[in-house]
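Some notes on the structure that comes next.
Chain IDs A, B, C, D, E and F follow the sequence of writing; residue 1 opens each chain.
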Amino acid sequence: MFKVTIRDHIMIAHSFTGEVFGPAQQLHGATFIVDATFASTDVDENGIVVDIGRASERLRAVLADLNYRNLDEDSALAGQNTTTEVLARLIADRLADSANAGDLGPGGLALAEIEVTLHESHVAWASYSRSL
Amino acid sequence: MFKVTIRDHIMIAHSFTGEVFGPAQQLHGATFIVDATFASTDVDENGIVVDIGRASERLRAVLADLNYRNLDEDSALAGQNTTTEVLARLIADRLADSANAGDLGPGGLALAEIEVTLHESHVAWASYSRSL
Amino acid sequence: MFKVTIRDHIMIAHSFTGEVFGPAQQLHGATFIVDATFASTDVDENGIVVDIGRASERLRAVLADLNYRNLDEDSALAGQNTTTEVLARLIADRLADSANAGDLGPGGLALAEIEVTLHESHVAWASYSRSL
Amino acid sequence: MFKVTIRDHIMIAHSFTGEVFGPAQQLHGATFIVDATFASTDVDENGIVVDIGRASERLRAVLADLNYRNLDEDSALAGQNTTTEVLARLIADRLADSANAGDLGPGGLALAEIEVTLHESHVAWASYSRSL
Amino acid sequence: MFKVTIRDHIMIAHSFTGEVFGPAQQLHGATFIVDATFASTDVDENGIVVDIGRASERLRAVLADLNYRNLDEDSALAGQNTTTEVLARLIADRLADSANAGDLGPGGLALAEIEVTLHESHVAWASYSRSL
Amino acid sequence: MFKVTIRDHIMIAHSFTGEVFGPAQQLHGATFIVDATFASTDVDENGIVVDIGRASERLRAVLADLNYRNLDEDSALAGQNTTTEVLARLIADRLADSANAGDLGPGGLALAEIEVTLHESHVAWASYSRSL
């Protein structure tokens, strides 16, 4: 299996609902370092899984909808906690949609799996992986 | 699959038995940066795999039994080399026991896998993963 | 010159005033990885600049006043942008006050300089250094 | 599953063929931080997957054939782009051959999988994994 | 003193002249992770040293003249080894010229020092600092 | 000012004397990631501060006297705590002696400063800098 990963980041505000979150129930924020991994059983005739330039642009576009915002006010995210896990899934699903729509080129249509990892600090991170 | 990882560390002394270890047969030591990963097929109603605060406390408790010690004198570890691999398994098994005992809350009872990675330096690390 | 650095972090929400900030004028957030450096021309009779345990507790106490909060609502920070630079100075000044008050022990009273670095992402960080 | 990873690096020049590569079609270069991971279902009687010293030597030997060179002039690599993905596979395959030949000792003959990750920058990396 | 650092990177080919360089006399290459630090005795009325967005654009522009190229063929660099040290000075000088020309805004005109660090691998890096 | 840094590491056992150290009074250990920085006001005719290969060998030689050992039994270190600060000074002084003896070549005789940083974990490090 081949995997290619690119890194970008977002800076967002949000709050959580549920006693388990303690002080994180207050409005606070996070920098999420976002690693998007594209996995394929083989490389194409150019020797790549996907075009890194194109994948970076798509990741940036997906992140632009979240970046520099208060996620509590994003209607598309209403009714759920925007935890690191949930955001990892959201970004992975949007990248998968983008790949399936051909936005990542032919390599994107041949992907076996996408994994997205969000680092919320130097001591905690979460990821979500899914097949395509 | 969702995964959540938290990082902590221990500073221990030990020595190894076996010619393969060369100078590491002498009493020496290591800082192990410990990454504990908890994997689950889904998140709970709060949007999390496990409560990170609770998981961090449990990891700290498991590591407290090893930290600032000479592992050569730990009777629970007698008769085996406390290599990076062996310590990764030990910590993973103790975290798994803790999860199964309910110490990590309901999320801990739904875990699919635990993986523990110990970084012994900037150029070498080892991990052990097991299902629950 | 001897220097000792300890690392911790905070997760905050805030917004900036001023066209120069572009989209960061909106309410957003950040994880700041905080590195506090204590410099001294010599070590004490124990061979240390400051007690790392004590310094870590003081840093944690200083950060607790900021952590998991919307800094726009902190009256002590009103009338200024809580940029990475400004927060680095704020934390350095509070650590300096703490050192001068004896909270870091005798080593803290002999410090020559304190520097605080805040990493806002993997591609941007800022620091403030001051003498004591 | 146990995994052991060691890190080394190479510094090479190369160019790519194909419009998808844009400016990387020109002769340029890269430092590849190389992580080689050896996976096994169990550790041996010494408590290790493979002897890290021996594995480090083999990795260094495999990398020596590539290091400080213009890969465009390596006849063994002719007719293909030496992308990060392709080089990861090349190094993994050579390590697998070495393991199968007994160069990594008895532990090397019991390996389940080898994975090689090449970091081309702080924001992009690729890996190839294969069974043995 | 306040300092702000931004990170970017370049991927170049080059060779060195001089026996001291050993195998690096051959055409090879490097990824240089480039950290540009801007230091000032005070922040402006917005609470910043320089506008990070503007500084990032200037750094990217300076790096664009070097990126994806064989530096041996750059006439502006002829007659000298493009070592990590020399490239750090080149980038720092070009950023200083840019700051003095007002490209970084008013904050750029008030800078006390610029430092540029180039990481050539995970185990070696070099920097050049100069006053303005 | 030009600076060149190289990284290596040691794995040692030791204990501390003094109540301030708490549990670190017991025999324990550490991996120290060692960064040695060589500073000079100018580069030589080759464009370098010191030959990195030669500097790496000297650093390795200095570290070899400490590596894989119980520092409590090193008579050269008797009567003092081998704290991170003290070890940073010891290594810096030994590198300075080596530079002054010509072991680093002509560049080593022109050094302005040596700084040694020891990372004892991902959240704590210490350094010692001295002029030559």
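The rule we apply is simple: contacts are C-beta pairs under 8 Å (C-beta built on N, C-alpha and C of every residue); 3 or more make two chains touch, one makes a residue touch a chain.
A quick note: this is a predicted structure, and the numbers were derived from the prediction, not measured.
Following the contact convention of this document, A, E is the list of chains adjacent to both chain C and chain D. Legend: contact pairs of A-B compared by residue number with D-E, A-D or B-F; the interface matching in over half of them is A-D. Interface note: chain D and chain E, two copies of one sequence, contact each other through mostly matching residue numbers (shared numbers exceed half of all numbers used).
Inter-chain spacing, taken between the CA centroids of chain E and chain F, is 27 Å. Averaging Cα coordinates per chain places chain A and chain E 31 Å apart.
Rounded to whole angstrom units, the spacing between the C-alpha centres of chain B and chain E is 41. Among the residues of chain B, those touching two or more other chains are numbered 7, 122-123.
Chain A meets chain D in the complex at residues 1-8, 43, 46-49, 51-53, 105.
On the chain E side of its complex with chain F, the touching residues are 16-18, 20-22, 80-86, 88-89, 122-130. Considering their complex, residues 7, 9, 11-14, 23-24, 26-33, 67-70, 120-123 of chain F touch chain B.
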